[in-house]
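The following pair of complexes shares a single chain, chain A, combined with chain B in the former and chain C in the latter.
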Partner chain A sequence: MIKLIGALCIVFAGTMLGFYRALQLSERPRQIRQSILCLQRLETEIVYGITPLPEALKIIAGTAAGPLRTLFGLASRELEENGGGSVQEAWEQALKAAWSHTSMKQAEKDVFLQLGMTLGISDRDDQTKHLRLAVRQLQAEEAAAADDQKRYGGMWRSLGLLAGVLIVILMY
Partner chain B sequence: MNVDVNAIFQIAGIGIVIAMIHTVLKQMGKEDMAHWVTLIGFVVVLFMVVSMLNDLFKEIKTIFLFQ
Partner chain C sequence: MLDQIEMLLPPNLRVLISRLPGWLHAAAEEVRIREGRPLELIHRDGFCFLKPDGTPAGKPEEAYRPTREDCNRLLELLTNHSIYSFEEELKRGYITVKGGHRVGLAGRTVLEQGRVKLIRDVCGFNIRLAREIKDTGRQVLPRITDPAARSVHHTLVISPPQTGKTTLIRDLARLISYGLWPDLRMGAGRKVGIVDERSELAACEKGVPRFDVGPRTDVMDGCPKAEGMMMMIRSMSPEILVVDEIGREEDAEALREAMHAGIRVIASAHGGGIADIRNRPALRQLSQERFFGRFVVLGRRQGKVLVEAVLDAEGRPAAEPLLQTAALKGGNHD
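So, the complex of A and B:
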């Protein structure tokens, strides 16, 4: 009886693990799309609103959802609190703290880090250029992520269940 | 006898599950992974069979060598 319950637990855990991986795969393109929107909003704030960077980041954090809200909110707070530090430092701190909550991968993090190097140190035209560049890179990443999701989402779902069943058979 | 039948069913189950994993991985274009999974499954089954053969040889020894 206890053996059976344990076997069911293992199968359930394997299935859930597979579904979790599939969920993360489907979260990634969505979050990339959201961050593209956030960056475009940031561009608007910088070019037309001429808002100071901490406030602009705070406004964007207010409109974003989920982990991106944490990311931009943290960046804004870091900027306000360490007055002497550069934008890049604050941006990197925020990325380091908030990145593990997102489903995005290293490629997107590199784009964000590159953006942080140029944010807030040059005039509007230059920043617009860099923001547009980041958006374009993220769009390419989004296409790749959507492709990945289509290919590997189903695979992870069935693979989780099968791995659970395999472990149960091996140990039974 | 009962234990032996169980072991055969276990090996059959491993074979079925490994075959399904192989198909899934192959369909998603990860053929190298699929082959690795098959190889690992084969090795696991081989270990089980070898341990059973070990028992068989021990039986034969006790029968023919009176030891």
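So, the complex of A and C:
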């Protein structure tokens, strides 16, 4: 009886693991899409609103959800509270703290890091160019991520269940 | 005063400034930061270079030299990490920061169609500390009041840079707004309109003046003078207009407009004396038209700002009007 319960537990855990990986795969393109929207909103704030960066980041944090809210919120707070720091430092701090909560990968992180080097330190034309470049890069990543999801999403779901079953068979 | 700007300095410079000896701290007027060259502090009695520990250096070689990194960070902090929101200021070459302190900038300019688009590679900063010195206007106000018109004469304050022009007209605006007249017959305070193109007069933060400019004072912040004066005249019905540093053709036009609207003007201009004013085209015409009823010339002797002369429209020393100066009843002082 106990053996049976144990076996069920293992199958259940395997299935869940598979579903979790599949979920992550589907979260990634979604979060990239949200990032793109955030950056486009940031562009509007900078170019048309001429809002100072800490305030602009706070506004973006207010409209975003999930880990992106944390990321932009942290960056804004870092800028306001740490008097002597640069945007780049604040941005890197925020990325370090918030990145593990996202489902995005290194490629997206690099785009964000690169953006941090230019944010706020040039005129509006230049800011537009850098923000648009980041958006284009993210769009390319999004296409790749959506592709990955289609290819591996279903696979992970069934693989989790099957792996659980395999372990049970081997143990019996 | 220096405490207010400390928050705007990059860490290296902040530590250095916070270690300044007390007397220097109190007497500081300008901090000049030039990339790769000695850090300089202008104070009431002269200037000195600063060592890394904040004490005055005997020789320039001993002084702290701000680095490229320092300058980049300083610009970032001055603009609140948003250089894009200071494009207009970068075009004009100065930024006004919290507290009304003005930071002059020098560097390489970028041109667009032959005009300066912005300054990039900013490597020279001049942080001028704004001071609010109340009651500097009290010695001048009696000599510019016009009891007949129950107002003040059109007044032009003339002085070289750094001699307290802005401080004086700010205080005049305050006295007039509070109604602290030297003459009993003048009655209560007047409506004052300040057009503060460089945010120095009132030091507005989000439109609210940080300096005490009086209870009946409206401020048009960050607005080009000529346009701002016209807007004020049309919309805010001031009785007295206060503007800093006039000198362009449009300014003169707006001043005439104000005069025809029955508004008295207190303005300031750079110059060593009345002769300099007559050499500047826009101002020359105004003075030929006998526009200004009073000229107040400021000077500086041994670090102290003083009123050198108050002249009338003809350029002769103005007589003090007969004032009724019995003690004020009640306490309608601030």
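Annotations for the structure displayed:
To be clear about the criterion, the second predicted complex is superposed on the first by the 172 of 172 C-alpha atoms of A that agree within 3 Å, B and C clash if a C-alpha of one lies under 4 Å from a C-alpha of the other, contacts with A are read in each partner's own complex, and residues count from 1 in each chain.
Please note the rule applied: a contact is a pair of C-beta atoms (placed from the backbone, for glycine too) under 8 Å apart; a residue touches a chain by one contact, two chains touch by 3 or more.
All figures in this text were calculated on a predicted structure; none of them were measured in a lab.
By the touch criterion defined above, A:Pro54 reaches chain C but does not reach chain B. Of the two partner chains placed around the shared chain by superposition, chain B is the only one that A:Val165 touches, whereas chain C remains out of contact. In the superposition on chain A, contact of A:Gly120 is made with chain C only, not with chain B. According to the touch criterion, chain A has no shared surface contacted by chain B in one complex and chain C in the other. Here chain B touches chain A in the complex through residues 10, 13-14, 17-18, 20-21, 24-25, 27-30, 44, going by the rule given at the top.
By the touch criterion given at the top, residues 151-152, 154-155, 158-159, 162-163, 165-166, 169-170, 172 of chain A touch chain B in their complex. Across the complex, chain A is touched by residues 7, 9-11, 14, 72-73, 76-77, 79-85, 87, 90, 118 of chain C. Of all residues in chain A, those touching chain C in their complex are 46-47, 50-54, 56, 79, 83-84, 86-87, 119-124, 126-127.
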